[in-house]
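Quick one: the structure is below, and I'll ask about it shortly.
Should a chain be cited, it is by its letter among A, B, C and D, assigned in written order, with residues numbered from 1 in that chain.
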Amino acid sequence: MSGSVAEVPKAPAPSAEHATSWRKNRKLDQWIAFWSVPFFFNLFGLVFVPLSWMMPPRSPSSSTPHIVDFMHSHNLLIACVILTLAYGLAPVSNACYLMQVKRMSVSPAFRYSMMIGAITGAIVGMLFPMFCFGLGAFRPGYNSGVLTMLYDFGYLAFIGSLGCFCVMWMAFGLAIILDENGILPKWLGYYTIWQYVTELMAAPVWIVKTGPFAWNGLMTFWFAMTLYVSWQIIVYVCIYRAIKNQPEAELDNASPELRPEAVELRSGTSA
Amino acid sequence: MTALIRNPLTIVWALLAAVTIVSSLIALDGGAAHQINTTVTTAVLLIAAVKAYMVIWHFMEVRRAPIWLKATTGGWVLGLFTLLLSFYYASL
Amino acid sequence: MNTRGQRILLWTAPPAVALFALAYLVFPVFSPPLSPTLTPDQVAAFFRGNVTGILGVAILGNLIACSLVPLFAVTAVQISRAATSSTVLTYAYVICVGIGTTAFILADYCWGMAAFRPERDPQLTSLLNDMAWFFFIAPVGTIMVQNLCFALSVYLDERPDPIFPRWVAHFNVATVVLLAPSAFSILYKTGPLAWNGPLSFTLRLTTFAVYIAVMFWALLRAVRYQGDDRVVLA
Amino acid sequence: MTNVAEGVTPGVDNSRPDDSRRGHVPGDSSMWFFVIGDLVIFGVYFVGYMYFRGQNHELFLQSQARLNLDIGAINTVMLLTSSLFVALGTEAARAGNRVAALQRFWIALAFGAAFPLLKMFEWIPEICSGLTPGTNLFFMYYYVMTGMHLCHVALGLVIMCFILRNLRTSKAPKISFVETGATYWHMVDVLWLVLFALLYLMR
């Protein structure tokens, strides 16, 4: 199996493509999906950090007046609007992973697990916490009890949403390690496993309100975040290379003379 | 069976197990009071460092590995225990 | 490949739409839509006065929440038929459908929850009502991306005989523009962008209704012409 | 899943290390990437523990007094013994002595499996007497770090089962897979040695 992939002719060098128009790029759909991702993540970062200061997380033990003050800040609403408009791009980034997992020699069960993880994760880890913050700022009339509940709910759902992402990254890491087509490098699979284990490590945020294991703590937030951000960047570089190196013959829209081999390859990979 | 006992790996294991018991005894004896005790801590951490490196060296077969692997694993043990001990002493 | 299954699934859409229309017409919250400027006590009073109607529609909504999924699933199949290099658009589409449907269910839950125990603290009833409106009106991000994925698959289709006429793609892009204002309902309590305003409420729901009708027609046509054409399964 | 254990090309063991060559990396080199990274990640946790311990020696010392040092020490010896038999088994597998290799890996698996069992004997009474991760920072570190280590042990036991299966069923046991699994298991051992010193022994 792995041998036949290696023999497939390489795609023509990308420099040949710009001579014609970008519209002629055979992988245009994949490239559009791919480039929406850095855009989305940059927007995500900008909205969370300099616009609303939701991140880095505020302390779980801050005093009620502080929490009320924060929950009333108007920028939370603007952040909420931007994210509601853009959060649909998160599925596109997940679709980019799924595409590469589809090319691997592993069972479709892996990409289906990731797909389901992505669906649940987007709701509990993104939309819901976002709205918790938005609701507090939307109606200033709420009493402080309701506001602190929204604050806790927002942060805990955002940082403590574990299972859906765990299953997603577990399926992704395992697929890379078990793959025999060499789509993504093996070490990335192991890197993904660390990322998934540190995701598990966020569990203590539900227990303590101060110290290194609180939701703004050194271990549960900063360390996990460092690992996550570097992982995310590396994954995207790897995905970029995987899309670039995908042979023309393997594409779904490959020209007919290359096609038979591609069909054979496909039937072999999606057993 | 005698071949097993004479195997260098078994000797390494015997050493490791003995040292484990020794370090537990140190903790039970010198550290029984559960108060800060730099002698116990230093001894126990140094023993742990040696044990960790023995496992890496003999069991993980780093002794036959290329130099970069020796350097990385050795660097990890050295760096980790230096940091641990300096954090410990700095906090006293 | 036989398309009978696709046609059966497609024809589940009209009864689903009829039930949605029924739910919409009898939902007390929508006629006229509750104003965002109501105080918690007014909201609580409204829920106390309309328990039967709200609960009835919340239950109905809960039951039919996912009933448009078959329509979207057939759309996904047709996207994967387009001659593009991969099924990346299909995957993005499917995930978006899952997220969008869940958001609708959460809205339904919140209204149902508020009506379940109307004697609850007015602050909490008002919170549930706000949350329901947020989940119902605001999260247009996924349906926007979903329609863009569809449009993109039509634009990039390299077949000599396209699956969909090009104007369906243009129409999908237009719905993206028309749905976008709803996201701003989070910012305003009055005016056209508030959740009961013409841009966020009327325009959004009208666009969605027209969109479902057009897609139903376009999909029927696409499935009819599919014939024995192979489908690249995702 | 079976492809992990079986060689891609049956009958040809192209991954067999050349012992005469200097500088042989045991096992799959991407596993070493994993091992070193894991050591560094745990290292960060260890140093973090030491730092926060320095902020409140009293609390950590008092809490330490409530741990069960005996089970900790027995578990250390269990893991060391298991590691020994894994190393011996790898040696036997490399020498082509499949019967001895199988026997030693079975013993290693038994000692390894005793670890989580003993851990339960340690944890359950502690949790029942009210010592939970929420008790204080020491116990949070204790449960998080031993818990994460326990996940590694569980994974190691699964890998060991695959090694046994590879040795038992395949015509040409893949030595590099045996070495890869062994490397991982020894890493689990190394991490426990440090954990044992930090959590149970130091004062």
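Throughout what follows, a residue touches a chain if its C-beta (ideal position, glycine included) is under 8 Å from a C-beta of that chain, and two chains touch if they have at least 3 such contacts.
What you see is a predicted model, and the numbers here were worked out from it, not measured in a lab.
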### Task
Name the chain with the Cα centroid closest to the overall protein Cα centroid.
A
### Summary
Top of the farthest list for chain C, CA-centroid basis, is B
### Whole-Å separation of chain centres (CA-atom averages), chain B against chain D
15
### Query
Rounded to the nearest whole Å, what is the centre-to-centre distance of chain A and chain C, using the mean of the C-alpha atoms as each centre?
24
### Between chain D and chain A, distance of the C-alpha-averaged centres to the nearest whole Å
30
### Task
State, to the nearest whole Å, the distance from the C-alpha centre of chain A to the C-alpha centre of chain B.
40
### Query
Residues of chain A touching 2+ other chains?
none
### Message
Give me the residue numbers in chain D that touch at least two other chains, ranges are fine.
### Response
none
## Note on the structure
Residues of chain B that touch two or more other chains sit at none
### Message
Chains as vertices, touching pairs as edges: which of line, ring, star, complete or other describes this one?
### Response
line
### Query
Could you list each pair of chains that touch, in label order?
A-C, A-D, B-D
### Message
Going by the contact rule set out above, which residues of chain D touch chain B in the complex?
### Response
22-26, 32, 36, 39-40, 43, 46-47, 50-51, 53-55, 57, 61-62, 64-65, 69, 72-73, 76-77, 80-81, 83-84, 86-88, 91, 179, 182-183, 186-187, 189-190, 193-194, 196-198, 200-203
### Task
Show which residues of chain C lie in contact with chain A when the two form their complex.
39-40, 83-92, 94-96, 98-99, 102-103, 106, 123-124, 126-127, 130-131, 134-135, 138-146, 149, 152-153, 156, 158, 180, 183-184, 186-187, 189, 232-234
### Query
Considering the complex alone, what residue numbers of chain B touch chain D?
4, 7, 9-10, 12-13, 16-17, 20-21, 23-24, 26-28, 30-31, 34-37, 40-41, 44-45, 47-48, 51-52, 55-56, 58-61, 64-67, 69, 72-73, 76, 79-80, 83-84, 87-88, 90-92
### Of all residues in chain A, those that touch chain C in their complex
26-30, 32-33, 77-78, 80-81, 83-89, 91-92, 94-96, 98-99, 102, 111, 115-116, 118-120, 122-123, 127-128, 131, 134-135, 138-139, 141-143, 145-146, 150, 251-253, 270
## Note on the structure
chain A contacts chain D in the complex at 2, 178, 180, 185-187, 189-191, 193-194, 197-198, 200-201, 204, 207-208, 211-213, 218-219, 223, 227
